[in-house]
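Take a look at the following structure, please.
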């Protein structure tokens, strides 16, 4: 009998504990929701709703004057995306974006590492130094590169002076890559820096104590710990490069149609809103899918 | 703390060298820009003798001045709002579980991957339809202008701020916050004195990014602004279509100097407040 | 939260769509506008560097209003903003083919000619009978010009064929060594149009065969083309980056005039023909200040003001009464005021075929 009482008491304690935990968890969820609410509400009203509106337009048809109309609805705009014309444009853009991202990675990582390992004053100064060029106008910066790369520019001047003749780098794929890397390098540097900066260097010291070489401590300790920054930076560079159109226009001479220019062309020049909308949506879905997949696998390994 | 990550010897020199090269790469066009803003030739690639004419023209060009004013105000307001909302979102996503979290997560990636022109078109449609609706329901006519530009900028900037802050929070040691929770009596104090300082580099990085994106935005702004709310990039975009002269260089240099002043001022203010806080801590004996 | 978002969003969407459609509710009326009357400040939406700021100041002081001028860089960037309604603009400056689209969409209002007495200053061919506004109801022509080729004679010499072959004929390109020094406009209609003209077709064709021929011609020429550029073609030829450039008349003249040796350059419309375009002033259908808009148009149609426009931007004026005030050098230049208009065509909207033009242009480049 005494044992039964004891058992019953213990059951009550356990269930009281469980209930308390549930209350705490619910309180946590409420707090989380409250914290997220302002941004969440803002995004729903000022982003999700407009997006749904345009999504609806991807099912409309182009009227004779170019304005979209809902008198006929259908999947025509999506069917058009299967054509080889668009496939070529997409593949070309993906390759260009990939090359840009890789180059940014290679340049930014050592730089971010360097900045993260300076004293606080130097760190802040360097970060600001990275951002300053980007407070001039985007278009003007692209034009400046145009001057640098043209036959009348400094690079050509140098090669002419040393007898190599004039260099015309302008209006080429190289010029576009240079322009894109230039435009998006800070997007890679900043997240990487944020990630590297908070690494606990005692872990590195520990790995050195365990007889890891400098390189191994880097690959086994620093690199994995800085992964969130690498991933964030890669996304921030790859995606806008994929849709870029100002830089290819100014530095590449529009010689090869890319996704960004094609989508702008559908909305503005051809005034074919259904296809502009459908292509945008497919592009976003693919990118979103890739991002989520990447995060799922990358996130688990951390 | 992090200075123990410094590499010595060859590695260190290579790193510093790479740092220098990157900075050179970043600044080459800027230096060119500044130099040619003083050039007398109409063609911005050709040197035509030193002159201050373009700056003088700038002083008399009220279109440009108005555009600069609009750009700066839009950028400041949208950056502040986006930083606050974006940081809150980042913390909520990394530290809490709640209903609808997955959708929120996905929603915050969309502004990053959406093509400019799609966002421009969707905001235009949204605003015009909403204004029609408001007109039908309340009889008041709202027009596009400063507010619609700011609202649109915040809409994409929240996402960028949250990505940067999340990268920072993601690997952060949450035991520090738990310890703070043990030592401090309220969540708010734990946030203010432990979490916030720890995520500050991410928050600053995110807000710098937002500021830049707002100042640079062309397509979205062009579609959602109204008469009198033309920003500088939109103005320059139109100008470039017709006539490229070093006036544009002069404009850029002015913007650059203005941003520099802004940043220096905020850094000085931050230092001052940090100094004050340290003094407070000393006085209360906590340091 | 998740449970509520979807239905809320759907409800909002349905309501918005239901209240959507073109903005007819806010149509303004100009029927009461008087000559020189104003009803508030002017909001102007124009191409950049197209209107002398001094003219604007002059208008402001003469009528005691202030003018806000915003800029667009293409008809297609301006059109959605206007068509969506409530743009806040009073006067816009659409090109010929865009006028038909705006009229069809109900986005511009019929002009009240009583408030624009200077309309009669327009020369006969511009006052009425324009393909995009036959009765002269909706717009008043602003400036007109041609699209053709600008060349650097230090590369081509004096004796070259004034033909599109300079771009499309590989023999000519080889002869003059201009490979990689040619630029074409980044505009499907203009660039495909040039190819069509060279082949002897109309640039408003709706024949897929003809368009395909033009596409293949452009594709074959892409290797010798340095860039497809509608913004800096004039600067590029000025800096020597290119030697043959496809572009608009007035831009070239402004560029050449500022060069060290203007006689080094020449602009012409090739013998096979080219584009003639007219930019026009229109009043937005829901303009907040229609009367001031009409007065502004009337102001620009004044003989001296019309001449000032041309003397400033080097485009041709449609205003007959302005002739005495235009600089002789400009008036007599056949490149600005072409004497033979037979080979020139206006670009007109080809309806759904626009998509074909755009796709052909994309395919031609890769």
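Each chain carries a letter (A, B and C) given by its place in the written order, and its residues are counted from 1.
Note that in this section contacts are C-beta pairs under 8 Å (C-beta built on N, C-alpha and C of every residue); 3 or more make two chains touch, one makes a residue touch a chain.
Just so we're clear, the structure is a prediction, and the values are computed from it rather than from any experiment.
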item: Chain contact graph, described as a line, ring, star, complete graph or other shape; value: complete
item: Interface with more contacting C-beta pairs, comparing A-B to A-C; value: A-B
item: Inter-centroid spacing, subunit C versus subunit A (mean Cα positions, whole Å); value: 37
item: Centroid distance [mean C-alpha coordinates] between subunit B and subunit A, Å; value: 16
item: Interface hub residues of subunit B, defined as touching at least two other chains; value: 44-46, 98-100, 121, 125-126, 129, 237, 240, 244
item: Overlap residues in subunit A, where contacts from two or more other chains coincide; value: 33, 40, 44, 48-49, 53, 146, 150, 152, 267-268
item: Numbers and ranges of subunit C residues touching at least 2 other chains; value: 1, 5, 16-17, 74, 77, 80, 232, 239
item: List of subunit B residues in touch with subunit C within their complex; value: 42-46, 63, 98-100, 103, 121, 124-126, 128-133, 135-136, 141, 143-145, 222-223, 225-228, 230, 234-235, 237-244
item: Of all residues in subunit C, those that touch subunit A in their complex; value: 1, 5, 8-9, 12-13, 16-17, 74, 76-77, 79-80, 83, 101, 104-105, 180, 183, 186-188, 222, 225-229, 232, 239-241, 349, 351-352, 354-355, 357-359, 362-363, 365-366
item: Subunit A-touching residues of subunit B, taken from the complex the two chains share; value: 1-7, 11, 14-16, 18-19, 22-23, 25-30, 32-33, 36, 44-46, 85-86, 88-89, 91-93, 95-101, 104, 106-118, 121-123, 125-126, 129, 151-152, 154-155, 158-160, 162-164, 166-168, 170-173, 187, 198, 201-202, 204-205, 208-209, 211-212, 215-216, 218-219, 232-233, 236-237, 240, 244, 248-249, 251-253, 255-256, 259-260, 263, 267
item: Complex contacts: residues of subunit A adjacent to subunit C; value: 33, 37, 40, 44, 48-49, 52-53, 56, 62, 64-67, 85, 88-89, 92, 146, 150-152, 168, 170-171, 249, 252-257, 262, 265-272, 275
item: Parts of subunit C lying in touch with subunit B, wherever the complex brings them together; value: 1-3, 5, 15-17, 19-20, 23, 25-26, 43, 45, 47-50, 53, 68-74, 77, 80-81, 84-89, 230-232, 235, 238-239, 251, 254, 258
